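By letter and in written order, the chains are A, B, C and D; residue numbering begins at 1 in each of them.
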Amino acid sequence: MTSSQPFTKILIANRGEIAIRIIRACRELGIKTVAVYSTADKDSLHVQLADEAILLGDAAPKESYLNVDKLIAAATQTQADAIHPGYGFLSENASFAAAVESAGLTFIGPSADSIRAMGDKAESKIAMKKAGVPTVPGFEGLETEEEYRKAAKKIGYPVLIKASAGGGGKGMRVVNEEGELAEAIEGARREALNSFGDERLLIEKYLADAHHIEFQIFGDKHGNLVHLFERECSVQRRHQKIIEETPSPLLTPELREQMGQAAVAAAKAVNYFNAGTIEFIFDPVLSTFYFLEMNTRLQVEHPITELVTGIDLVQWQIRIAAGEKFPFTQSDFHQRGHAIECRVYAEDPSNGFLPSTGKLLQFIEPRGPGVRVDSGFVTGSDVTHFYDPLLAKLIVHAEDRSAAIQRMQIALKEFIVHGVVTNIDFMQAVLAHADFAQGKVSTRWVERSMESGNLAPVQQQSAELQNLIAAALADVVFTGSKSQSAVSNETDPFNPWKQTNNYRN
Amino acid sequence: MTSSQPFTKILIANRGEIAIRIIRACRELGIKTVAVYSTADKDSLHVQLADEAILLGDAAPKESYLNVDKLIAAATQTQADAIHPGYGFLSENASFAAAVESAGLTFIGPSADSIRAMGDKAESKIAMKKAGVPTVPGFEGLETEEEYRKAAKKIGYPVLIKASAGGGGKGMRVVNEEGELAEAIEGARREALNSFGDERLLIEKYLADAHHIEFQIFGDKHGNLVHLFERECSVQRRHQKIIEETPSPLLTPELREQMGQAAVAAAKAVNYFNAGTIEFIFDPVLSTFYFLEMNTRLQVEHPITELVTGIDLVQWQIRIAAGEKFPFTQSDFHQRGHAIECRVYAEDPSNGFLPSTGKLLQFIEPRGPGVRVDSGFVTGSDVTHFYDPLLAKLIVHAEDRSAAIQRMQIALKEFIVHGVVTNIDFMQAVLAHADFAQGKVSTRWVERSMESGNLAPVQQQSAELQNLIAAALADVVFTGSKSQSAVSNETDPFNPWKQTNNYRN
Amino acid sequence: MKITFDTQTLEINPSGDNYVASMDGQTVSVQVLRADATRGRMDLLIDGKKVTAYVSSDMAKRWVTIDGQTMMLTKTSGAKKGVRHDHAGGLIAPMPGQVRSVSVSAGDVVKKGQTLMTMEAMKMEIRIQALKDGKVKTVHAAQGQTVEREQILIEMEE
Amino acid sequence: MKITFDTQTLEINPSGDNYVASMDGQTVSVQVLRADATRGRMDLLIDGKKVTAYVSSDMAKRWVTIDGQTMMLTKTSGAKKGVRHDHAGGLIAPMPGQVRSVSVSAGDVVKKGQTLMTMEAMKMEIRIQALKDGKVKTVHAAQGQTVEREQILIEMEE
């Protein structure tokens, strides 16, 4: 590693754990950091850890983290020479990338052109077909209902109608038979127009029991581009990932090689540089895979790739953005061991995974060999409703898959979060499930398991009495202590209590 | 990895960070743990984390952690089926290993015979010569002064006289010329007799500017034995390691191969199984290496080997002890990246590295990708004078040596220890030194650098005023808060203060 | 001391240095091995078995974690009077968040399934829909307002 | 307020919401950005530059860490009167620990370099040796006794 300093100062246009992750990378590279924040985040951890911090505005994202003008003004004012967008917010916004470069700053990510090329589902699919990357059988650019009807027949039901400009499940309809087609097209068009101002749709084969397998790719500005293997991201709820792992238990070395080559071809087709991810739909029955979309940014789940490949993706993002050459070739990379990430969300599995907010009364992160926690919170932090519910990413690395699962189960047990409801118990249930052990979890598994009651709680019979004893004794034992001071203000601390429904119960 | 459970319950005959490290390994293997403790340790972390805890006796080690009978009684009483000795205490005591096995329990370590064979410096050296392992030129079993004189001449001055039964620098003398020889033999004999009840000595070439490079070896009870590469442990004070790293910046692939083979031969010569370490003296000028001794136990610095090889040594120790076959061969292992360990000691570099004790007012461990902390303390813990001064092992893993050094420097900055004086500042000075960057640190480097004033403090000019402002404002800002409550009891909090000498100043 | 818990009652009494706890005729001995208020952590010996509990509390809730399982106890007497935790008379917020839009006013006649209000929290949008045909009695939350979980948003006429 | 520090004096005065600090004619503005008492952590803006400080204290000492550098301030008025922090009149403990053996009694005549006492701490043994020829006046520590750093162990006659 050269010790020359790629930049003097970087502004981080993000918040929470990813802002902190980037600050750490900068610090190790000897680069100063500028945090930005909204009024809701004025004492949050990323503000504390950065060398400087600039208030952008009100809590609403469009007043702060989504405000291009304010971000660029903050960078100019602090004399930053580059902006790292993190993930989410403006990270996949081609206009932002262009505006950053126009302001004479470096955007730490791909070119605006690459972002744009991959931003449209229909156009990127056409580009991928041209590059020889397998795509889900289907058609783009259709207009009349008759055209759709013919296309669907050719593809075979069920089919999926989705918005060309779409994302996040909006403007998407599954059609099981011809009778549903007309209404689905109508509904998807309306939603697409409302959400994206663009009513174009595409139609493709619907794969019900598919897995989500993505490939990390990484390239420099000199034409070097490699893949860094796969991540299996099939444990999802509401199209949001919960648990990711690598290697995927489904891939053979041959498939991995094929998919890796397809990922590299996909990225090269749009002249990609910096970190990116090619998402594939994988059909475990036929062992076929199709390009789904490309995320033109760092991914939430990048740490599992870092652990099995041994490279620091965020540091390399920064160095590549500064024009450095990526010194590795494909054959330098090997997967070692097995890594899993669990996303600890402030959400209530027993309440439809809806958000939970509040002050963190306790936030004790697990530790130990092979355990990494990327988080943006400490005891006393407020979890507000303004931003996403991710409290922490709990990541483990171990010799093999079963050792990694065991390590994760212990680490989840040691993760203490009081003050908001989390999905920790829920993830324990997933990890303990036979389907997970066998690598059989497809993207709709959580939904179906919740419906069928197939997800058994991981609970001890004696837990209830023990919990009550502990709650009661805490009042006695901790009385007068600071962290429990609220208790002593109560005239009637013991009577009566009700166990609030939780996932377990 | 098989998921069969090697043991049901393990007693850990140790304390501090290593007891906790072993508890974590057991937990992941589904094994219950029994902690043992002395009265001084009744609320320490290893007692809190184990499933059961047995009080052994008073703080003095011979009443507690060194008491074989009490340990075996505790194991029997709790129905443990194995004992892990950790390092230090009874870990290299052949009689203890034998007593454990006699009690029908499994000793998690090598056989008593292997421990015994490697316990005597003269005898093990003879065994090594026989096995074709290079040893420092010298002689064993001499008696008369005349014999020593002839031997010294043959070897060439300076020579080293050391106790055959020795360890820890006791009964050891460097002899620079023939005139000093007689007195050195006399003194070494007396010290050896006093310390070990055994006056036998050996004489060998003294290597002044040598490096300490050791090889991790690991074997099962079925004759499989591999090495897991080297650790460079030359940063020492008073023959105690401070900073270790792997790979060694000095070794070429050829030398690594030769030394690894010698390490395997050395271990095989005593029918070794479980984890062990072959220590070599390495002469960087001639690129020659000599067997120094074998540590027949887990080493303090084992984590750096875990990080570069990707295997969990403690879990394998347990599985091997239960009779499992080690499934890997030499060609399965590769070094990936670079790992460094810094030992955070409660000792004062400005006071001759003498111990410092007290209550930990703050103990904030650093975090982040690639940072691992193995520690046995939390804020509020007492650091007593009874046991060794190791507070924590700070371990980093990064892509290459310079990235690892940078990561360690940042992590040391983030390690906050208040209440006892530590060597953190001192280690910063070592890491920042050009000699360390160039891999030129030999075992006598610290001593010589301290004498010559060559170790420059890593300090900012403005630090003094900033420190004073912070100290003063803390009294105002934190007044009335729990953690600073002592302050408010003082009638005269500000006047006058004296900066206590520290390493920096 | 006694704790009423849903329909059960837990009784804990000192016994020497230790405690005796009983519920549903089951009696166990409890010893506090150590307690660390800063971390809200207690090591207990319950019926001879070591149990580590983390306990936190604010005014109305206790959070207890034992062996990785977290239980939340809500103080029923601490809840506001008159706020019913069901959908009987009106529509409540299913999550904490912010009211994004309000489509109805008092007196409006609405149809089952009609969207009356939208809420947003943590990048998620939720529609508050009429449970049955009826007439809006009162709208309790305005656009931009922050609401708590289970807060009443809209009351319907009976 | 004023803090006397060795020979220098630091003066800190409120100035609006902020503070002004001066020492040796150097004056800087200080703003407290945030303070977390639990972690003993403060973010300060000193002369426009952000400085993070960790501060802890017991009765007699302040520990301050800024940018990885830890400084310990000892309250001189808090130190016991009569305990001189040097070797002038006697022999002091170079480290905290336990007295392992005592080889002399009051009145014994000793030679320079003679071992008078051995101490042990953290597996380390230290010999307390006579600094010059002389006569033992008082022995202040007995075998097995725990001593603090800089505690007087043996006084010699002048």
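The rule is short, and it goes like this: a residue touches a chain if its C-beta (ideal position, glycine included) is under 8 Å from a C-beta of that chain, and two chains touch if they have at least 3 such contacts.
Since the structure is predicted, the reported quantities are computational estimates derived from the model, not experimental observations.
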Compute the centre of every chain as the mean of its C-alpha atoms, then state which one is farthest from the centre of subunit A.
D
If I rank A-D and B-D by number of C-beta contact pairs, which comes first?
B-D
Using Cα averages as centroids, what's the distance between subunit A and subunit D in whole Å?
51
Intercentroid distance (Cα basis), subunit C paired with subunit A, Å:
29
From the mean C-alpha coordinate of subunit A to that of subunit B, what's the distance rounded to whole Å?
40
Out of subunit A, which residues touch more than one other chain, so two or more?
481-482
In subunit C, residues with contacts to at least two other chains:
38-39
Subunit B-facing residues of subunit C, complex:
34, 36, 38-39, 43, 50, 52
Given the complex with subunit C, which residues does subunit B contribute to the contact?
43, 48, 51-53, 378-380
Which subunit B residues qualify as touching subunit D in the complex?
346-347, 351-352, 354-359, 361-362, 364, 385-389, 412-419, 421-422, 424-425, 428, 458-460, 463-475, 477-478, 481-484, 486-487, 489-490, 492, 494-500, 502, 504
Which positions of subunit B touch subunit A when the two form their complex?
1, 3, 21, 24, 27-30, 303, 306, 310-312, 315, 336-337, 367-370, 372-374, 398-400, 402-403, 406-407, 410, 481-482
Would you tell me which residues of subunit D are touching subunit B in their complex?
1-6, 10, 12, 19, 21, 23, 26, 28, 30, 32, 35, 37-40, 42, 44, 46, 51, 53-59, 61-77, 94-98, 120-124, 126, 146, 149
